[in-house]
Amino acid sequence: MKFIIAVIKPFKLDDVREALGSIGVAGMTISEVKGFGRQKGQTEIYRGAEYSTNMLPKVKLEIAASDDIAAQVVETIQTTANTDAIGDGKIFVLDLADATRIRTGEAGETAL
Amino acid sequence: MKRTFYSFGALALGGLAAAQPALAAPAAEAAEAVAEIAEVAAPAADMVGGGTAYILNTLLFLIGGFLVMWMAAGFAMLEAGLVRAKNTSTQCLKNIGLYSIAGLMFWVIGYNIAYPGFDGSGWFGMAGTIYDMQGVGEADLDTGYSVASDWFFQMVFCATTASIVSGTVAERVKIVPFFIFVVLLTGFIYPVVVSWEWGAGSLDAMGFSDFAGSTLVHSTGGWAALVGAIIIGARSGRYGKDGKVNVFPGANIPLATLGTFILWLGWFGFNGASQLAMGTIGDVSDVSKIFVNTNMAAAGGVVTAIVFTLIRYKKADVTMALNGALAGLVSITAEPLAPSVGSSILIGAVGGLIVVFTVPLLDKLKIDDVVGAIPVHLFAGIWGTLAVAFNTQSEVDGVTLTMGQQFGVQGIGVAVTAVFVSAASAIVWLALKHTIGVRPTEEEELAGLDQVEIGVEAYPEFART
Amino acid sequence: MKRTFYSFGALALGGLAAAQPALAAPAAEAAEAVAEIAEVAAPAADMVGGGTAYILNTLLFLIGGFLVMWMAAGFAMLEAGLVRAKNTSTQCLKNIGLYSIAGLMFWVIGYNIAYPGFDGSGWFGMAGTIYDMQGVGEADLDTGYSVASDWFFQMVFCATTASIVSGTVAERVKIVPFFIFVVLLTGFIYPVVVSWEWGAGSLDAMGFSDFAGSTLVHSTGGWAALVGAIIIGARSGRYGKDGKVNVFPGANIPLATLGTFILWLGWFGFNGASQLAMGTIGDVSDVSKIFVNTNMAAAGGVVTAIVFTLIRYKKADVTMALNGALAGLVSITAEPLAPSVGSSILIGAVGGLIVVFTVPLLDKLKIDDVVGAIPVHLFAGIWGTLAVAFNTQSEVDGVTLTMGQQFGVQGIGVAVTAVFVSAASAIVWLALKHTIGVRPTEEEELAGLDQVEIGVEAYPEFART
Amino acid sequence: MKRTFYSFGALALGGLAAAQPALAAPAAEAAEAVAEIAEVAAPAADMVGGGTAYILNTLLFLIGGFLVMWMAAGFAMLEAGLVRAKNTSTQCLKNIGLYSIAGLMFWVIGYNIAYPGFDGSGWFGMAGTIYDMQGVGEADLDTGYSVASDWFFQMVFCATTASIVSGTVAERVKIVPFFIFVVLLTGFIYPVVVSWEWGAGSLDAMGFSDFAGSTLVHSTGGWAALVGAIIIGARSGRYGKDGKVNVFPGANIPLATLGTFILWLGWFGFNGASQLAMGTIGDVSDVSKIFVNTNMAAAGGVVTAIVFTLIRYKKADVTMALNGALAGLVSITAEPLAPSVGSSILIGAVGGLIVVFTVPLLDKLKIDDVVGAIPVHLFAGIWGTLAVAFNTQSEVDGVTLTMGQQFGVQGIGVAVTAVFVSAASAIVWLALKHTIGVRPTEEEELAGLDQVEIGVEAYPEFART
Amino acid sequence: MKFIIAVIKPFKLDDVREALGSIGVAGMTISEVKGFGRQKGQTEIYRGAEYSTNMLPKVKLEIAASDDIAAQVVETIQTTANTDAIGDGKIFVLDLADATRIRTGEAGETAL
Amino acid sequence: MKFIIAVIKPFKLDDVREALGSIGVAGMTISEVKGFGRQKGQTEIYRGAEYSTNMLPKVKLEIAASDDIAAQVVETIQTTANTDAIGDGKIFVLDLADATRIRTGEAGETAL
């Protein structure tokens, strides 16, 4: 099993979720994060003082997926979240040793 | 009712009569005339002298004026609460800016267009440009009140009109074109409409009646907002394919609630001080009655909106209750004095119903009204204007209109306002659209206007979007 | 003090005397009588005519009325700030709804129960059902003020009572049963209590004194809240095993602060306009003194609460300071005129102390009062009512009570209010509990009422549950 | 203008003249005198009797007083919106505490230092300690208004001064030393400055003119704030190496906007009621003019700030627009009556400009002013005080000053206030610093004062630190 | 060592924390997230328009644990967070290569 | 590749970001979390009732790094975020199986 972490632009969330749904991903966990990378934030002026945060709002998805569909999940995210603009984000894939569904206690792939 | 300068040439009847302004409703007028005669017969000690009446009339304008000024804060909070967090700073800026601009424009030119000195009829006139406030020490008993207090009171009404527009077209209009629209709305469009009725123009001559501005203020703002919403288009992503309405919930409901309470409070000034005088016991009693009716119409709007949404949706959408209060207030504004308390509740309740029905309707038409200003100010404003006919019939050339005739006249008032304000607003919005542009780019809109236009996030420490 | 209609049959003394209403405190009355005589001797030009007095009295009601109306917003913000984010929209809805219902019910029946036309004694009466506002043009100099302005002022007091309840029982009562309770509280329970004293009923006859409503308004609300809190029970999870109090911090402290400032401001109307007249220099001076005393009692409450929490907890809990202000205000409400400034500060300071002591006490008793309304309105209200005896003694049948007797009478007033309001509220709450049910399911409560009952999150973009 | 007790010995001219207080500006005075004579010739029925004038004057103080009291909420919201979330509860506590302390201190000693009974000159005096409010029933027609109403109105000004300081030194001063400073500021420093001018002291004798307190209130608060900011130092981490200014954005922009609107509203009371009388048609007309000028100066400040920041930074920083409004208001406060509307706009606009220029300037000097109170209240206050000379020239010993002389006198007033307030404040701040300490530890400051001093987070559910 | 990621219902947090404390888990890192899965959100009505977010508030726990107790941690969470209702959440177990305590620089299991 | 998760005190964020920038870390993802560990929160008093949350605000950094610099990243964070006080936080290192840049579709180390 794989644990996939994707950082995307917030407004792409709905599209990505729909696309993942259509390839059979039933669940995911979402959090709001700040991203720091090549994409630079706007220079802001607050009361005459310039500042640029460089920390841009991003959305992080965490998806546990079976090995079969992991590659497809990555590809789907990559194509759907893509805007060809800097700051589109990253997808990280980690190995997932085990998974448990709290409600039933089921473990392994059936827990996903 | 005319909001004209009236001069007290004939002080013969003494201070009491002198301070008695023309009354709104002939029916009421007759009744008061009787009362007046009784009063005149009372001991002289009970009369209110001209000086005292002047002070009290002025005080009414001042209190009413600061209450209506406070409504600017109400609109600001209502709108700040109902937009998304990423546009909140912009909405705050627009509101404080539009209130300021309205004041400047109403002084530069607006007042003198609104009160052009029509002689019983007219559609456009000017009594000059910059309004000449009376100088210090030039207080004149004959005017019956301080000229500056009257100007102040009129000015805050002008600002209200602009506030209405800002709510509807929020989250997608850049600040510069927005402010340019406000300049023209407050300096020209609104004053022209006012001149027809309060400025003793042609609508007034026909017997049209709009006590405190359901049409003159609220519908004018509403038409400008509606036309703006159509020309500018909906917020990016608001209407999906196959008629799907994407919900963009307001970021801060308590602020919206606060805004509504502020508006409700301010409305006592809006309607109450539109009596224009409290220098007689008749006037101050009328003001009191207006307070009661105004309050009860709002209460009727709230309760109706709650009951109705509970029945229809099984939930009581608080934003609908807030809109219901405002719709009740707008509905009673055209005639807050003549109706009985019961009628006032009914008039407000219908206003509340209108809102809960027409808010989703606008969405069906893909007209994107962020705060519900079109249902509240335009639709309830039209309703309130027409409902005047039930309770008051004007006297035209010495003949009192029938209820049917009054309906007709009220309808004419609604119609000419619709045509003029829509046309004028369309010209301005279209001109802006095709010159400097009205909307930010889609990317900017997604990022939020606060980032792009203001540079200051509204809630930097917890906004998430 | 009676808040009855008084008729000016005898205008013999001229406008000045005519406009002088019955006074609250016999002590003060005597003092003013002297002043009055001096005034009557003054040049006629200095007298205030009956018409002018009528206008000024009415104006006091209108200003006082809108200030107290504004307190509805104060309660809304205070409560919206002190509940958890997931119940904030519900709290907003409840507050705008209860204010509306109170207005409707006080018109439908409340006023005529509150002012049943008792002839010096009585515990229940009705002067009809729907209150008949004076018609337009029927202003009558003899009433001394506009009837509608008086009704408006009384109505906002009625709404205040309901606001008190909503704060205590927040976060765990569904909206429909809550609104039903409000209907009965504002249409029946509150008006009955008022009739005993301001309606010239039996408490008034005994010499009970409650200038602006420490008992009639605040304790009535407080008892209804206390009984509700007991019957409804605490919020789910609030009290753990072995006496552990789980803290549910308020979601928005600045809003709670704003609410407190609004209430403080509104209280100038609440207490000041309860003078019921400002048509004489004596009355307007009394109103001024009331403003000062009211302000200073609140200041005393704040400072005491801060100092005390600093000493006891090494921290200055801001919510206690806010409650301290309100407790100071409630404490002085029973008699804001007679005490010296120093006494007022003291009375308010004791109120502040009561709050900081009794808030944790209620938690020990597992009575869950979300905003501290019971300490503020009930406990400080009782204190304020009893403290009247220090500063004022009523005259009963021509004899002035001793301080001890006055204490006794004040105690009786507290007691009968306790018994009646508690019993009536218990019946209503229990009936609701055993019919439609009062509480949401535990799961719904955990999810928050906003989701379940309103469908609109208060802070959708940053609420974290 | 003197804000002294004036006694109406000579009632010869009848009620109208009797109620006419001394006027602020000789120029205006002359003009009004003419008007008055005309009025006196009018029918007796138009005169305002002494009793009526007394009531109306008192009413002005009461309305003005509650409006200025409301400004305390405005400062609280403005500051709560502009500090970081972790210091918001503290800022709320400081604001409700300082308002309470100001009331207590102004009663304990302040008023009697402010109005020491100078006989035309003097720099320090005391008319006793605790202020003796008039007793109930001791209303005296000769005072022209209720003494308590005057005290109330004066007291809220005193509180304003303290509010100014709290904004500048926010986020880094512990509550106990802060409150001690407030005790001394409101009980001693502010009253002394007031005594020089409104207390008929030496500045007044020189012809210095400060209608509603650009110097006496705003600059006094501003100097105390400036000296505090210097002695206390900047917030930890605010100024980086090599001149880098680290931005700490305000946590809640809509609250800051609300605060500004509240202040704007309150300012109608601040300036309008500083006319000190409305018992004549001249006075009430002046109050009206003051309303207009006050509003227009604020509008000028807003528009200037928006236009200027748009040009300079390509963004319209909303916090600058808010500060612009306040700077406009402060600027017009020294003389809100005499200028024409056009001049008022200009005076306010310059105030707005001052703010947008000096806010970054203070940062260059590493003077950390959290809310911009120094630019708004001190710099714009100085500007407004000097600008008086353009519109008004005082009469000293029967001779009217030239504009140049008036500038000189205004400059002297600014200078002595600067010296005295700075010195006195420095002593207090330094004494506090070297005894109990003013600042929290750096770790505590990083954690936020709410955690360390209050124990209550402002937004526990969504604050992210 | 294992890196355990658990997504649970928010109101279970206190119970889970206590239960973990009692089996010797000394630390954890908590964040608020939105969960997307089989459990459906309520249909909401905002101004007459229906919407259902499907994103439900959840709490995410991250716990680094030695191999010895990892299984026990998973079991404890599973039993404590269980309400037998849909949406109770998941537990994911990843291998943890290394851990460092910032204060001391200690590495490996002693850093936990 | 490694996936490094660091939990630090919030006010150290800027320093750490700068230090990481200077050793060539171009990107990272940041979130606000609550930490539970040896460091105890202040005891608070709310309306007379004591409570201590024990949940302290922390900042979590997630950094994907090539194997070469992973150790250096850990060390840099450890030294920069260190204040020698309890609660300074932890650094966890996991193996990263794959990474993808959404904008370009690049995979592996070049995606970082």
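Lettered A, B, C, D, E and F in written order, each chain numbered from 1.
Keep this in mind: a residue touches a chain if its C-beta (ideal position, glycine included) is under 8 Å from a C-beta of that chain, and two chains touch if they have at least 3 such contacts.
Just so it is clear, the model here is predicted, and its values are computed rather than measured.
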{"item": "Other chains in touch with both chain C and chain F", "value": "D, E"}
{"item": "Centre distance in Å when chain A and chain B are each reduced to the mean of their C-alpha atoms", "value": "48"}
{"item": "Centre distance in Å when chain A and chain C are each reduced to the mean of their C-alpha atoms", "value": "54"}
{"item": "CA centroid of chain A to CA centroid of chain D, Å", "value": "53"}
{"item": "Where chain B and chain C are represented by their mean Cα positions, the distance between them in whole Å", "value": "32"}
{"item": "For chain E, residues that touch 2 or more chains besides their own", "value": "31-32, 44-46, 94-95"}
{"item": "Multi-chain contact residues (two or more partners), chain B", "value": "47, 49, 52, 59, 63, 249, 252, 258, 313, 315, 317, 319, 455-456, 459, 462, 464-465"}
{"item": "Complete list of chain pairs which touch one another", "value": "A-B, A-D, A-E, A-F, B-C, B-D, B-E, C-D, C-E, C-F, D-F, E-F"}
{"item": "Contact footprint of chain A on chain F as seen in their complex", "value": "3, 17, 26-31, 62, 64, 94-103, 105, 111-112"}
{"item": "Chain E residues within the chain A interface of the complex", "value": "2, 5-8, 31-38, 55, 58, 60, 74, 77-78, 81-95"}
{"item": "Residue ranges of chain B in contact with chain A within the complex", "value": "237, 446, 451-452, 455-456, 464-465"}
{"item": "Interface residues, chain D side, partner chain A - complex", "value": "245-247, 249, 309, 313, 315, 317, 319-320, 356, 359-360, 363, 372"}
{"item": "Parts of chain F lying in touch with chain C, wherever the complex brings them together", "value": "44-49, 51"}
